[in-house]
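Chains: A, B, C and D, in written order; residue numbering restarts at 1 for each.
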Amino acid sequence: MASNLLRAGHEVVVFNRSREKAEALISDGARVADSPAAAARDCEAAITMLTDDRAVDEVVFGEDGIASTLAAGAIHVSCSTIGMGLAKRLDAEHRRRGQGYLSAPVFGRPDAAESRRLLIVAAGPAEIIERMRPAFDAIGRQTFAIGEDVAQANAVKLCGNFMIASMLESFSEAFAALRKAGVAPQAFLEAMNALFASPVYANYGSVIAGGKFEPAGFALRLGLKDVRLLLEAAEGLEAPMPLASLVRDRLLSAMAHGQAELDWCSASLVSARAAGLE
Amino acid sequence: MASNLLRAGHEVVVFNRSREKAEALISDGARVADSPAAAARDCEAAITMLTDDRAVDEVVFGEDGIASTLAAGAIHVSCSTIGMGLAKRLDAEHRRRGQGYLSAPVFGRPDAAESRRLLIVAAGPAEIIERMRPAFDAIGRQTFAIGEDVAQANAVKLCGNFMIASMLESFSEAFAALRKAGVAPQAFLEAMNALFASPVYANYGSVIAGGKFEPAGFALRLGLKDVRLLLEAAEGLEAPMPLASLVRDRLLSAMAHGQAELDWCSASLVSARAAGLE
Amino acid sequence: MASNLLRAGHEVVVFNRSREKAEALISDGARVADSPAAAARDCEAAITMLTDDRAVDEVVFGEDGIASTLAAGAIHVSCSTIGMGLAKRLDAEHRRRGQGYLSAPVFGRPDAAESRRLLIVAAGPAEIIERMRPAFDAIGRQTFAIGEDVAQANAVKLCGNFMIASMLESFSEAFAALRKAGVAPQAFLEAMNALFASPVYANYGSVIAGGKFEPAGFALRLGLKDVRLLLEAAEGLEAPMPLASLVRDRLLSAMAHGQAELDWCSASLVSARAAGLE
Amino acid sequence: MASNLLRAGHEVVVFNRSREKAEALISDGARVADSPAAAARDCEAAITMLTDDRAVDEVVFGEDGIASTLAAGAIHVSCSTIGMGLAKRLDAEHRRRGQGYLSAPVFGRPDAAESRRLLIVAAGPAEIIERMRPAFDAIGRQTFAIGEDVAQANAVKLCGNFMIASMLESFSEAFAALRKAGVAPQAFLEAMNALFASPVYANYGSVIAGGKFEPAGFALRLGLKDVRLLLEAAEGLEAPMPLASLVRDRLLSAMAHGQAELDWCSASLVSARAAGLE
């Protein structure tokens, strides 16, 4: 993302807990800061991309956090997959400080980030989204302006991940039943690829059918974290999501079998085990 | 399907309970028979495409059924979505009579059938599948040879429908939660279309988002029938499919609300009602 | 049941597929018949107690079935756990022959039958229930007249078994989680016994906590059969029962692990395995 | 509980946010304190009984909280239904201050508390449990020493509530299906009372069958809170509890229909609505 911003002619100051990762960007023209606070000082917009709610909380509100130095009128753009509650708190706290805030989580694995194919789901004041559009255009292939309420972008991102997780569960159950019927996973996958004609089905389906879950494209424990955030959001919205509950229970069973660091496609092993396979 | 067979130069005799529908094919070169038995006499292959297990049972084994006239060595190709049990019985009964049998259920709505875009999932003796290939090529865009056991094709078809039904459920839950968060269904759908890039997601997602469930592209009670067949198959295979159970319960709630003849996308109303919407 | 009828002074003719079992009752005063038809000839009431729908169908409507000899005005009392559909068919067929019919399934294991502690759930014409009351009083401790529609008794029996199966599932999940918290099953069971003060909880809870599932008090595959009958009934009634679906999936997973002939309390192993125990 | 302690001859200082409630105990011999801190000063044991985690956190660690005044060697006994996480934190924090801590949640409604029929589930150092036994004997009818790890008592309490909630769900589904079969709830309830012979089934079953959910014996939103705490505990233990997930989703649907302050038995309306009743 930083490389693409630099490539598009933006001035970029980077901070990363692993300083080497930040320094790798120097050759592309980035400056490296010693802290989030230092990185955010004097910029128009501070873009954060972090693992979870706790990390965002710390990088924003912790000692040397960006909230302490971000100028009035400057914008914090949070691209991480976080909960609706934290998004609302970020919005309120930045507002209180005269700073702007956007929730702009993204869809796409690291390779999609590198090749500028991220999908950006943004919510917040329309005027701020427009102001950020050149940056979004530099890092992604499409930006969706979801609404004025920042937490809406986070809800959409969590629901999008849920759509993928649901597909994983449906693949997993179908593969398990079909294996017991003597049908090769690959044969079913080919039919599904012809039916859905979706690269997402093709990619995930092939990982599940192949059964190779290391190295993880997306660690199972992070998938569980996202489903947990979704269920918390759904509880706040008073909207039952039984399929999300089912997915959570499957991921939890996978955790109990030591699959935390495997790819979340390995959740398919839960259906296989329940069917007495392996 | 009959039109496309005629167009490809095959000789076709048709039977339909509504004789007018059969007669509409006369101008394309079809002959019309008075009964399944009459239609199947002297042909190389009898292709059946019917609503459910009971209809197939009757058309094949009933008085004037095709089993009574199909020549030894001729083939019955069942394209209907039927259960694994019936498929096995068809196979055994035809075998006993010296007749051939293939399960070859298809994916695709009537418009796909008209435009030769059906996907054909075939199972049975490889030699018979090859013999039928010209006919399959005439009616579909791709044929998948799944295996030697005829019921495998039916299992794959039922699992394919389950994949679609699961997608409906995930859309339904996401839309319901997001509506309570103030996000327009259309906004979420656009993001999902960019993410999945699948015409199936685009079509179904748009029907759910639009909320227009009449006339039905696929009646909800038929969707329920397919899930029931899948669960029976899965029980026979001793493979639990909790997501299929969930989908069944949603469709059943829709039935209880008088939605039997609505499009099965109207199952989305179940999630909406559970969330207190409408 | 036959012994208790004899003890109460009733005249009893018995038929059992294993003739020895029938003959064991001769010393109590029973006569032994060579077929269901022979047993039902000249009696006031024919009481059937069989494993499943198929067995009842055969014993009633098969060659030498009781329907062929039961006198007009005599009553068939079906005590088996069967589906609502078969109950309705029995009612209609007996009616057509001028014979009476009652559904009167019972709650209670063999030892409860021996000691006259069965609970009898009867449905059918009130007048016929009254006529049968002396017989019911001879075999059970309480008779519940549920309604005029015979299938209602079967629905109540299936729902009662579902209540027990649900309790098994809740115990199973609690025991599994608590074992991972280091709590001994026995310690939890004692608290639950104090809380629920129910012999059913005490008995089943102790079997699960003890983990000894052979010999089976009630075979798991029969438990699955009952849940299947319940789900069919619920589908006919258009009433979703997600907890019954969950129980079915758990029993199915147990079947996949070879537990068909173990006690259905062994369904608890499914929760244990899902939690990574054992 | 305070009255019963006084009646047993203990010296009691009370604090309640609603001072009137505390003052009502003066006639029984209680002294009234102005803050939790004041109440806890100079006592042997501080017993807290509060609504939720947040209230316990505040009363213990807040300004004027009991942690600030409880003497070294004195014991904090937490009787509230709280999460395993908070229990562990309470244990660690009190330990750090040289204070003792027990988790001792109770089963029983207010009337059970009044009549000394509470069930007490205690965990912590055996020696401290013994030291508290006279107090436990004064307020309850039985005390269960679950283990040395304080959070075990909380896990047992949450699982016990889950057992009750599961029973509610099974009753709800059965009643809904049976109503559609024309069976009166009361008729089913009588059979279940004969079968389970449990006062818990009798009481809850009768509330559900009666359909009167106000005033609430236990508010539905508090039931949802307890299930949430259980699911958090189960996630920490890596033990999937799909039945708990189902119960949570039903309670959430009830919340969406404005039932937060109704009795949690009103969760039965969710099954009724899903079946198209009302």
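Just so it is clear, a residue touches a chain if its C-beta (ideal position, glycine included) is under 8 Å from a C-beta of that chain, and two chains touch if they have at least 3 such contacts.
Keep in mind that this is a model prediction, so the values were computed, not measured.
Visitor: If you average the Cα atoms per chain, which one ends up farthest from subunit D?
Guide: So the chain farthest away from subunit D turns out to be B.
Visitor: I want to compare two interfaces, A-C and C-D. Which one has more contacting C-beta pairs?
Guide: C-D
Visitor: Using mean CA coordinates as chain centres, what's the subunit C-subunit D distance in Å?
Guide: Chain centres of subunit C and subunit D, defined by C-alpha means, are spaced 36 Å apart.
Visitor: If you average the CA atoms of subunit A and of subunit C, how many Å lie between those two points?
Guide: Computed value for the inter-centroid distance: 52 Å.
Visitor: Would you pick out the residues of subunit D that each touch at least 2 other chains?
Guide: Subunit D, residues with two or more chain partners: 234, 238-242, 246, 249, 253, 256, 274-276.
Visitor: Which residues of subunit B touch subunit C once you look at their complex with the stated criterion?
Guide: 228, 234-235, 238-242, 245-246, 248-250, 252-253, 255-256
Visitor: Write out the stretch or stretches of subunit D touching subunit B in their complex.
Guide: Against subunit B, subunit D makes touches at 242, 249, 253, 256-258, 270, 273-276.
Visitor: Where on subunit D does subunit C make contact in their complex?
Guide: Residues in contact with subunit C: 84, 107, 119, 121, 142, 144, 146-147, 149, 151-152, 155-156, 159-160, 162-164, 166-167, 169-171, 173-174, 176-178, 180-184, 187-188, 190-192, 194-201, 233-234, 237-244, 246, 271, 274-276.
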